[in-house]
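Below are two complexes that have chain A in common, paired first with chain B and then with chain C.
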Partner chain A sequence: MNLVECHGLSKTYGSIRALDNAELALESGRIIGLAGPNGSGKTTLIKILNGLICPDSGSAAIDGHEPDKYTRSIVSYLPDRDYFADWMKIRDMMDIFSDFYADFDRAKAEELCKTLELNPDMRIKTLSKGTREKMQLMLVMSRKARLYVLDEPLAGVDPAAREFILRTILTNYNENGSVFISTHLISDVEQVLDEVVFLKEGRVVLHRNADDLREETGRSIDECFRDMFRYDAWKEN
Partner chain B sequence: MFGKLLKYDFRSYFKTLLPIWGAILLLSVINGFTLPRLELPSVEGSNAFFTSVLPLMLFVTSFIVMAVTTLVLIIQRFFHGLLSNEGYLMFTLPVSRSQLIGSKVFVSVMVQLISAAVVLFSMLILGVILGRDSFLQFIPTAFSKVFEIFREYPNESWTVILIGMEIFVLALVSMAGNALHLYAAMALGHLSKKQKVAVSVLAWVGLNTVVSNVVIRLISLLFGGSFPDWLHMEELKDALPILLFAILASALLDAIYWAITEWILQRKLNLE
Partner chain C sequence: MDFHIRDARPIWQQLSEQLKLRIVTGYYAPGSRFPAVRELAAEAGVNPNTMQRSLTQLESEGLLITNRTVGRTVTTDEATLNAIRSALARKETGEYLEAMGRLGYSRKECAEMITEGEEQ
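And then the complex of A and B:
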């Protein structure tokens, strides 16, 4: 059975069609990149998988379940924004994760805090945007999840930090699980991807094994992405 | 998991309310000593303001602050805690939607109860300090009077106790209803793309009218259009079925508000 299965997923916001009959199947034990220009539906797809948005039609399932209590216990989700109550301390958030997620590894979280130079006794209110992002990454990667869904973890950070974030993800994820990572910075992640999914105007227009795609086209995934979305980039500029 | 949700929700309320409750109790002690000076003619002029009028003003203000803060927190812990950015965490925890709502309702009822208890307790403190010995003597006298009445009129006393218990349950159901009414309105507001706050306010006003009408129609359907005989009050014990009826009708309202909230959070959630 596939770890993730989406059939005919559609979602509109007013007159904007965010997802248009999207089809997707992801296996376990893979690192999958979800790429597409801004507004292609990446975040909408990810939110549906996490039960934060209800689709207009179609179905999404993780390990055979529609997003529910069970799927939330096996999915570790990094959203595109921070979700902290800022009166808390970093340690309070670690307590919440320990309380609710059976797969949360507290020792690993403490260790990651040291690596990422996070002081657990700091109040979230006082943290910079970058430190909040590091903290969220620490929490999400300290779980031994079946599926990590990471929404643009590299967006808005400088190239040196990108490498650091990527290394944190790769050295900490549960290797029996899958990582589904959305980005439009393909060149930064392409070396670690097993598969790529291209999303265009709410549709899955390509889903291939990364090595096969490179071999068949004789180009990098980044070049394939630029070719496919050149028109969209021009349209946006 | 429900217990863990409660822990998290209690903390988010207590960090704001504990200092207010503490301030009220402290002000009741201060006023116990400063209130008697209020009756004395002011000899020192401006000093009287600081030693008696100001503490009284602060005491009264603290009750208003507590009531407003409790209401604002009930709204804010649902709106910010679930329907805004914090919702990205709460809705991805391995708990059900009904557990999320249940925890919010339970904690909101508890803080309303504690707020009411703080008011009573502050009055008691004030009474003890103001009345001193006479107040402390009054308490055992009052208790012995109650026991005396209980011995003389056991049946009526039991009725009064039962009525008291029913009023307490009705208060709990109404407190839950206050919160659920607000939650259902905010959930309906969440359905709006752009005017979430305005729609929530309209929904709060509209829900009351619509849902009360539905409940009244349901009741008249059940009793064939006329209120049953047992709802007439002639003796004290007649209050028992009337209160029970009020509890059931309020509980039905609560259930409707809960169903609306849960259905929207389950089927129409849209954290954009």
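And then the complex of A and C:
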């Protein structure tokens, strides 16, 4: 059974079609990149997987379950914006995660704080944007989840920190789990990906093994992306 | 010797080339135990499945031996190591001659320059 299965997912906001019959199947033990231009439906897809919004039609299932209490216990989610009460300390967030998630590994969280140079006694209010992202990542990667869903984890951090964050993801994800990571910064993530999914106008227009795509096209994933979205090559007819 | 992902070719190919170089130059000694996939993947900053694919390639070329009891080791077979070493050398030479050809140098002139370089 696939870890994630989406069939005919559609979602409209007023007159905007955020998702249009999207099909997606993800296996376990993979790192999958989700790429698409602004407004292509990445965050909508991710929010559906996390049960934050409901699709208008179609189905989404994780480990055979529609997004519910069970799926939330096996999915570790990093949203595209932070949601912290900023008077709290990093340690308070660790306490909250310990209470909420049975798979939260406190010792790992402490260890990641050291690696990412986060002081648990710091107040969230005083953290820079990049440091907040590191804190979020520390919390999310400290869970032993089946699926990590990371929505733009690199957006606010400098290039040196990006590499560091990617390494943190690579060395900390649960080997039997999968990582689904959305990003605009394809050239930064391409070497950690098994597979790549391109989303365009709410549809999955490509889902391939990353190295096979490089071999076949003789281009990097980043170049493939630029080509596809520059020339509109995938527009029907 | 750091791993570098330089171009658009498949990453596993670039990794297996660089691992090959490490093996024939003795960075990993013949007969020694080869590092674990996850360890190498972390070092190179790549996906473990990608690293696995490049090791499978080295196994099929006979550079790495997988043994049930001791895990993966570097081959002790001199003939295999020498064959790979000379294949790498030929490839480097080919690339050098091609670059010099673009600059308008004949092979004879290249040979002269190399001898000159050695004498200096």
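By our rule, the second predicted complex is superposed on the first by the 230 of 237 C-alpha atoms of A that agree within 3 Å, B and C clash if a C-alpha of one lies under 4 Å from a C-alpha of the other, contacts with A are read in each partner's own complex, and residues count from 1 in each chain.
Just so it is clear, contacts are C-beta pairs under 8 Å (C-beta built on N, C-alpha and C of every residue); 3 or more make two chains touch, one makes a residue touch a chain.
Computed from a predicted model, the values in this text were never measured in an experiment.
Once the two complexes are overlaid on the shared chain, A:Asp158 sits clear of chain B and of chain C alike. In the superposition on chain A, contact is made by A:Leu52 with chain B only, not with chain C.
Judged by the touch definition given at the top, the superposed model places A:Glu117 against neither chain B nor chain C. Counting contacts as defined above, no chain A residue meets chain B in one complex and chain C in the other. For chain C in complex with chain A, the residues that touch the partner chain are 5, 7-13, 38, 41-42, 44-50, 53. Residues 29-31, 163, 166-167, 170-171, 175, 190-194, 210-212, 214-215, 218-220, 223 of chain A are the ones touching chain C in the complex.
Of all residues in chain B, only 1, 4, 7-8, 12, 15, 80-81, 85-89, 91-96, 193, 267-272 touch chain A in the complex they form. On the side of chain A, the complex with chain B involves touching residues 13-14, 47, 50-54, 68-70, 72-73, 75, 77, 79, 81-85, 87, 96, 99-101.
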